[in-house]
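Each remark here refers to the structure printed beneath this line.
By letter and in written order, the chains are A, B and C; residue numbering begins at 1 in each of them.
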Amino acid sequence: MNYTPFLFVAFCISILVILYLVARLRRVRGQLMIVEEVLDDIKNGNPNRRVLARISDMTKRMCYLINEIAVENQLQLLKQKQSEQAYKRLMTSLSHDVKTPLASLVGYLEAVENGFVTGEEKENYILVAVKKAYQLKYFVENLFEWVKLDAKEQVFHFELCDINELTRNIAAEWISDLESSHFEYEFDIPEDECFVCVDSHTYTRILNNLFQNTLIHSGGNKLNLQLLENEKQIEVIFVDNGKGISAVDIPNIFERMYQCDSSRFAEGNGLGLSITKELVDANNGKIEVDSECGKGTTFRLLFQKAL
Amino acid sequence: MISLIQTEILKFRRQKTGLIMAGVMLLFWSGITFWAYHVPQGDFESFYVRYGGYIAMLLPFMIGLLFVKIYHAEYQNDTLKGLLQVPVTMYQLFFSKIFFVFLMAVIIMLVNCLLVIAAACICGVTDMELHQVVMLIKLFFLAASGMVFAMFPVFLVTVFVSGNTIFSSTVCFIYSLMGIIGVSQFAGIHPISSLLNILFGGQISITGEKSINLVCAADIIIPVIMTAVIVEIFYMVKRGDRFK
Amino acid sequence: MDEYVIETEQLTKVYGEQTAVDAVSIHVKKGRIYGLLGRNGAGKTTIMKMVLGLTSVTSGQIKVFGKKMKGQEKKIYPRIGAIIETPGFYPNLTGTENLEIFAKLRGTSCPDAVKNALEVVGLPYRDKKLFSKYSLGMKQRLGIANAIMHDPELLILDEPINGLDPIGIAEIRNFLQDLSKERGKAILISSHILSEIDLLADDIGVIHNVRLLEESSMEGLRRKNQKYIMFRVSSTATAAQILEQKYGTVKYRIEDDNAMRIYDMSVDISVVNEIFITNGVGVYESRVCDESLEDYFKEITGGVGIA
């Protein structure tokens, strides 16, 4: 039988196979060169490069992995940049927050010094200047506290405290302020002891912040402080009947520099609640807020009882 | 390139064209079988050669029209701007479509092989041997590939008019008709005639002499090379002004 | 890494007698969204086509990623994702199949790229609906999905919001801003709608009558155009105190020792002038800055405006 046609066919087939393999090889080589170039680019600081791989590529898994690494890298850089930017933003807005009241303070004092005002007006000016100075002082103190917290340099002394007693004492100190601001108040603190492991100083700060917040920002006239105990936790509930916080703002109120009243010229600053949250977190507690516009706000602090 | 051809196949999904082609083939086949049924048969070889001859006449139309259709599809669907950014060059696109057409032609002819064998059984041709079936396959395969090469001038025209369906289809028709009808006159000039002469030389008036065969072969190959070169130049020149 | 992702220099396109683009030089930076603003037919699409190499350049230079396009196509194209005019796809295939064709040809950056891209633009994955049955908005979304599928560093989008409903427009806007700010991609979009460019773009190039009228950052443009009363006085400290005395709380900002801005447009500038002067503060300059972005564009386009 004539074998020639079969040989011919076999020859053709082997040629085709060789061509196919050569094509694959060239493709892989091409891909590797691209990978090299992309990796070089990523190393030089451009994390946006990707290596594209087709489904039939032999190198596809490697390419996908490289892309994943690049994406990770990018996310890290992004987070870093974001926190740098947040810091810069903080500094910028803070400098204005200091410049503006400082300028007006200086204005008032200069007016007194130069004798532009006399008598009762002069007294008024001095009073206003003092108030502004206290504002500045409070602000700068807050700022330092926040910076320390942020840099994790705050030192806490955790010890067993009777949270009921502690709360009672703090609340007592606020009574005069509440009364002068015409606030009705009700404190519902159990008589027995309840021990938690907290830093008493920071707990005081937390409650002070909440009181301050209510007095200045809530716009209401009734305040209710209640401590509720259950088996494992104790809940500190802080209710006011002020103007409340809108649903849009609620997720953000604990962010630094956030102010619900979007004018940047209100009294106070955006740090108070942010500090409060940091302090609560540092004490292994949780803080939640419930509010409805026009109906008031409820802050809830949760602490674990010391067993 | 392989991925391009694969995508050509993917683009062909849900097209009525495939069904139409199959329908035409079957119609043709049943017609010839019906006619052959009533005619006394000689041996298997002459039987299938005759079939092959008739089917080979149908091929140019199908190949040409198929190519025009898929080439025009890119312009019609405005997908060129997307494809060019992959990046795929027009030249690669052109050849991948030719490859696809080639694949289709081969598949058609192989299916026809089966159909011819079936017809042979129906018409009562008894002396089928293995080597004859092999020859049958070989003939049909050569017919398919040869015909694709012979249609290169039509492809060239299609490219030149940027896939304008009406003009290209008309050219395809006229070209195929001329090639088939003038099979003896145009041997050596018209690629289709040359091809038909090479394949079925024994059945047509001019005997299959070696020198004529070579001339015919050259007549097929030269247009192919010319087309490849001209198309390349055309794409290079026209590059960029495709989209006014 | 070069400064500009896209840089064109005196880019010109002439069709026979007609000039489609005349000596346009734009600069697109990384991590920013560049808006090409201009009326229909001003030449925006032609510019984009030339940048992509789809149309030949009559004169001028284009550099993408710091390199010229010619000869480097295989390396540069995979880094770009684009939509030009209405996106073209195969009508006899579903959306997913269409994207899979492009994924097969181009390669993808991760195994589920098609699925992810469809998810981002809000189209169903492996849906049975053929492209011929798609609405205009869906076609546009598919085009966007095709452009982002391979995670390119540069996006060139020709009127991307064309045909989208308001919610879709907002989604795409958020998505583009996310890509630009967080992932640092460069985006070039064109539109004839001023409000969209205003919301989206960081830099803007105004194309009018085939020429580039102006190229600047949006910030710069806005700063030029925000409403406020600008005062230059002898002493901002005193001025601030006087202002507070007269108006109580009023929004103002101290720029430095002599410059301040009052953002509250309800104050009467003449009254402020007077109280400053009568209280011994010298007023060197007071001005109402009152332009809106639209007025500004009307001005630079010679009164015709951006339609």
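Heads up, the rule we're going with is that contacts are C-beta pairs under 8 Å (C-beta built on N, C-alpha and C of every residue); 3 or more make two chains touch, one makes a residue touch a chain.
These numbers were taken from a predicted model, which means no experiment stands behind them.
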If chain A were absent, into what connected groups would the remaining chains fall? one piece
Indicate, using Cα centroids, the chain positioned nearest the centre of all protein chains shown. C
From the centre of chain C, which chain's CA centre is farthest? B
Starting from the mean Cα coordinates of chain A and chain B, work out the distance between those two points in Å. 71
Where the centres are mean C-alpha positions, what is the separation of chain A from chain C, in Å? 30
Using mean C-alpha positions as chain centres, tell me how far chain B is from chain C in Å, no decimals. 52
Multi-chain touching residues of chain A, meaning two or more other chains, are 54
Residues of chain B that contact two or more other chains, please. 3
In chain C, what residues contact two or more other chains? 78, 104-106
For the complex, give me every residue of chain B touching chain A. 1-3, 134, 138
Chain B partner, complex, touching residues on chain A are 5, 23, 54, 56
Would you pull the chain A residues touching chain C in the complex into a rising list? 34, 37, 44-55, 57, 63-64, 67-68, 74, 78, 96, 99-100, 103-104, 106-108, 110-111, 116, 263, 265
Provide the residue numbers of chain C that touch chain A in the complex, in ascending order. 1, 75, 78-79, 103-111, 150-153, 182-185, 236-242, 244, 249, 251-254, 279-280
Could you list, by residue number, the parts of chain C that touch chain B in their complex? 15, 49, 52-57, 73-74, 77-78, 80, 82, 84-93, 97, 100-102, 104-106, 130, 146
